[in-house]
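So, here's a batch of structures to check.
Both of the next two complexes hold chain A, though its partner changes from chain B to chain C.
Let's turn to the complex of A and B:
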C-alpha cells in the first residue's frame, strides 16, 4: 500500500493505492490518527488506487470516523472502485461513511 | 652425534613473539569465558570485568544502542559504587554523535583519548552524576552481525602498551557474545509467546459450541471453522434463546490475531447473556450493537443472527453488515440478501428483521468472507459467485460444507491462509 497526503487547494487528501490489509493498516492508522488528533476537517480519502480493503483497514477508518465525530469532523471517501464499493454496500458501510464519486462532488456537498 | 646448529634470535623479535602468544592466550581465555553463558545478565559483568582487567582500568561501561529511539543507553557501568551504575542506567542517554560514545557510535570507529579535558567531545554529565573523575578513555564500537550493538568504554586505563588491534578483537568477541545472548533471550520469549498462543487457541475453541453439529426437531445445524492463525476472529454459536426455538449465529470480527480473539471472546459471552429470553434477532442485535460500540481501535463485527421456530419452520433473520448467504430450496441455490444494518459496534442503529419460511428440504449456507476472499498464487480472489457456482454443482453432496472448504483450499493451494474461514449450514427437515 502507498499513502500520499496532499493539500488540494487547502483541503487535506489521503490518497491510497494497493491493498489495505492487516499488514498495511497500522501505517494508515498512524497517518490518519495524526490528522484526526490535529482535528482536520473535512478529510478526504482518495480510494482510486485501492485494489483491496479488509476488515482491519475498515476498522482503521471506523476509528478515524469515531475520533472525528467528537469534534464534528467530516470524513469523505472519494472514487471507491466498483469491487470495493460492493463490499461497502453489502456491509452497509455506505450508511456509515460519506461516499462520493469525485473530489468535486465531495467538496460541494 | 652431530651438534644441532645454534640459531640466534634477536631479543626484540622474541619479546614480540612472547607478546603475541600472550595475546592469543588472552583471546582464547576470553572466548572460553564468553561461551560459558548465554544469559545476558550473567554475561555483562563477565565482559566488563575482563575488559577492566585487561586494560588495568579504573572503570568501564557499556552503552547499548536503542534502534527505536536512535539513542545510546547505559546498560552497565562499573565505576565504584553500584548505585552510580543504576543512576546512569536510569538517567543518562546519549544522542548519536553526542559525547565520546556518541561519536564512536555514529562513526563506527574507536577512539583513544589520553586527556579528555582537551577533547570537547567529552560529555561531563556522567562524571557529575557518579562523582567519578575521567582522565583518559578508550571507546570502541560494538558491532555484531546485525549492525551496531553499542559502545564499550574503558576509563582511565593503567596499561599504556596495549595493542589496539587486540582490544578491538576482544570487543568484536564481546559484541558477538552479546548478540548471541540477545538471540537466546528472544528465542525464549518467542517460545513463551508460542505456548501462550497455544493456550489462548484452546481457550478460544472452548468458547465455540462443544459439538459442531446440533440436531433439534426437524433442524440440523453444522459448522466448520478454520483459523488463519492459532487464534481467530470468526465466531458461530447455536443456542436456545426461548423454548422451542433454535438460535444460529455466525460472525466475523474485524482484524485478526489476539485482539480479534479477545474481542470474539467478549462478544460471545455478551451474546449468550443478552440473547436469553429474546425471540427477535433484531432486538438482540440492537443490544449487542450498543455493547460492541465500546470496542477500541474501531473494532467491529459483522454477523447474522437467526431464530428458528422449531414448530413452524419459520426463521427470523437479522443481519449486521454480513455477506449474503446461499439458500438452497427446491433444487436451486440462490445467493440471498436480506435487509441489513451496518456491522455491530460502529454507529447506533435499529436492525431490520426478515422472516424466511422454510420448506422441508431447504438448506441455508452462511459463510464468512474468508471463504470467498481466499487468494490463489496469482493473487486472484475466488469471489462469492464461484462459491455459489460450486454449491449449485454439488447440491446433492452430503458433505457440501466440507466440499466447499476443500474447493477453497485447492484454489489457494501454495499460499498462506490470510483469513479465518467459517461455514454454517442449516438443514430443515432432512
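Let's turn to the complex of A and C:
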C-alpha cells in the first residue's frame, strides 16, 4: 500500500493505492490518527488506487471516523472502486461514511 | 498446500494463491474476490488470536478442488473456542468484528476439527453456487 498525503486547494487528502490489509493498515492508522489528533476537517480519502481492503482496513477508518466525530470533523471518501463499495455495503458502512464519486462532489457538499 | 510464516506481510501470498485456486476451480470474479477476502481474514485471525502476534510461527493452508471448494487452515497456536467466535452486529458500528462475517457469508461450512490435539484446523467449504458458474456459462 502507498499513502500520499496532499493539500488540494487547502484541503487535506489522503490518497491510497494498493492493498489495505493487516500488514499495511497499522501504517494507515498512524497517518490517519495523526491527522485526527490535529483535528483536521474535512479530511478526504481518495480510494481510486485501492485494490483490496480487509476488516483491519475498515476498522482503521471506523476508528478514524469515531475520533473525528468527537470534534465534529468530516471524513469524506472519494472514488471507491466497485468491489470495495460492495464490501462497505455488506458491512452497512455505506450509510455511515460520506461517500462521493469525485473530489468535486465531495468538496461541494 | 502452502506454508507461510505467521507474519502479516505474507497475507498477500495467501491472497494470490487463493485467487489462483479459485480461478482453477472456475469461480466467477465476484466469488473469487469473496473467497480471497475470507481466507485472508481466517489467516489474519490465526495471527491475531492463535499466535497472539508472534510472527515466527507457521500457518499451513491446503486447498482441495473437488465438487466443492475447500480450504483447510492449520496452526499450532492457542485453541480457538468456536462457541465464542461471533462477529459484531453489523448495525453496531465500531472497529473490529467484521472478519467472521466475511468468512461466513462466503463459505457454507466454517468448522474447527476438534480431533486436532494441538493448535487448530479450520475447515472452510464453499459448495458450488449459481454465481460461481457464471464463468462456465461464458456470462
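The rule is short, and it goes like this: the second predicted complex is superposed on the first by the 109 of 109 C-alpha atoms of A that agree within 3 Å, B and C clash if a C-alpha of one lies under 4 Å from a C-alpha of the other, contacts with A are read in each partner's own complex, and residues count from 1 in each chain.
By our rule, a residue touches a chain if its C-beta (ideal position, glycine included) is under 8 Å from a C-beta of that chain, and two chains touch if they have at least 3 such contacts.
Small disclaimer: the values here were computed from a predicted structure and weren't measured.
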{"item": "Room on chain A for both chain B and chain C (clash or fit)", "value": "clash"}
{"item": "First, second, both or neither for A:68, with chain B first and chain C second", "value": "neither"}
{"item": "Partner chain in contact with A:54 - chain B first, chain C second, else both or neither", "value": "both"}
{"item": "Touching partner for A:28 - first (chain B), second (chain C), both, neither", "value": "neither"}
{"item": "Touched partner set for A:78, first chain B, second chain C, both or neither", "value": "neither"}
{"item": "Of the stretches 109-117, 145-153 or 415-423 belonging to chain B, the one that collides with chain C", "value": "415-423"}
{"item": "Common ground on chain A, meaning residues reached by chain C in one complex and by chain B in the other", "value": "21-22, 52, 54-56, 58-60, 62-63, 66, 90-93, 96"}
{"item": "Complex contact set, residues of chain A against chain C", "value": "19, 21-23, 52, 54-56, 58-60, 62-63, 66, 83, 86-87, 90-93, 96"}
{"item": "In the complex, chain A residues that touch chain B", "value": "21-22, 29, 52, 54-56, 58-66, 90-93, 95-96"}
{"item": "Contacting residues of chain B [partner chain A, same complex]", "value": "252-257, 297-300, 302, 321-324, 337, 340-343, 345-347, 349, 369, 373, 381, 418-419"}
{"item": "Touching residues on chain C, where the partner in the complex is chain A", "value": "7-9, 11-12, 15, 30, 33, 36-37, 40-41, 44, 47-48, 90-91, 93-99, 101-102, 105"}
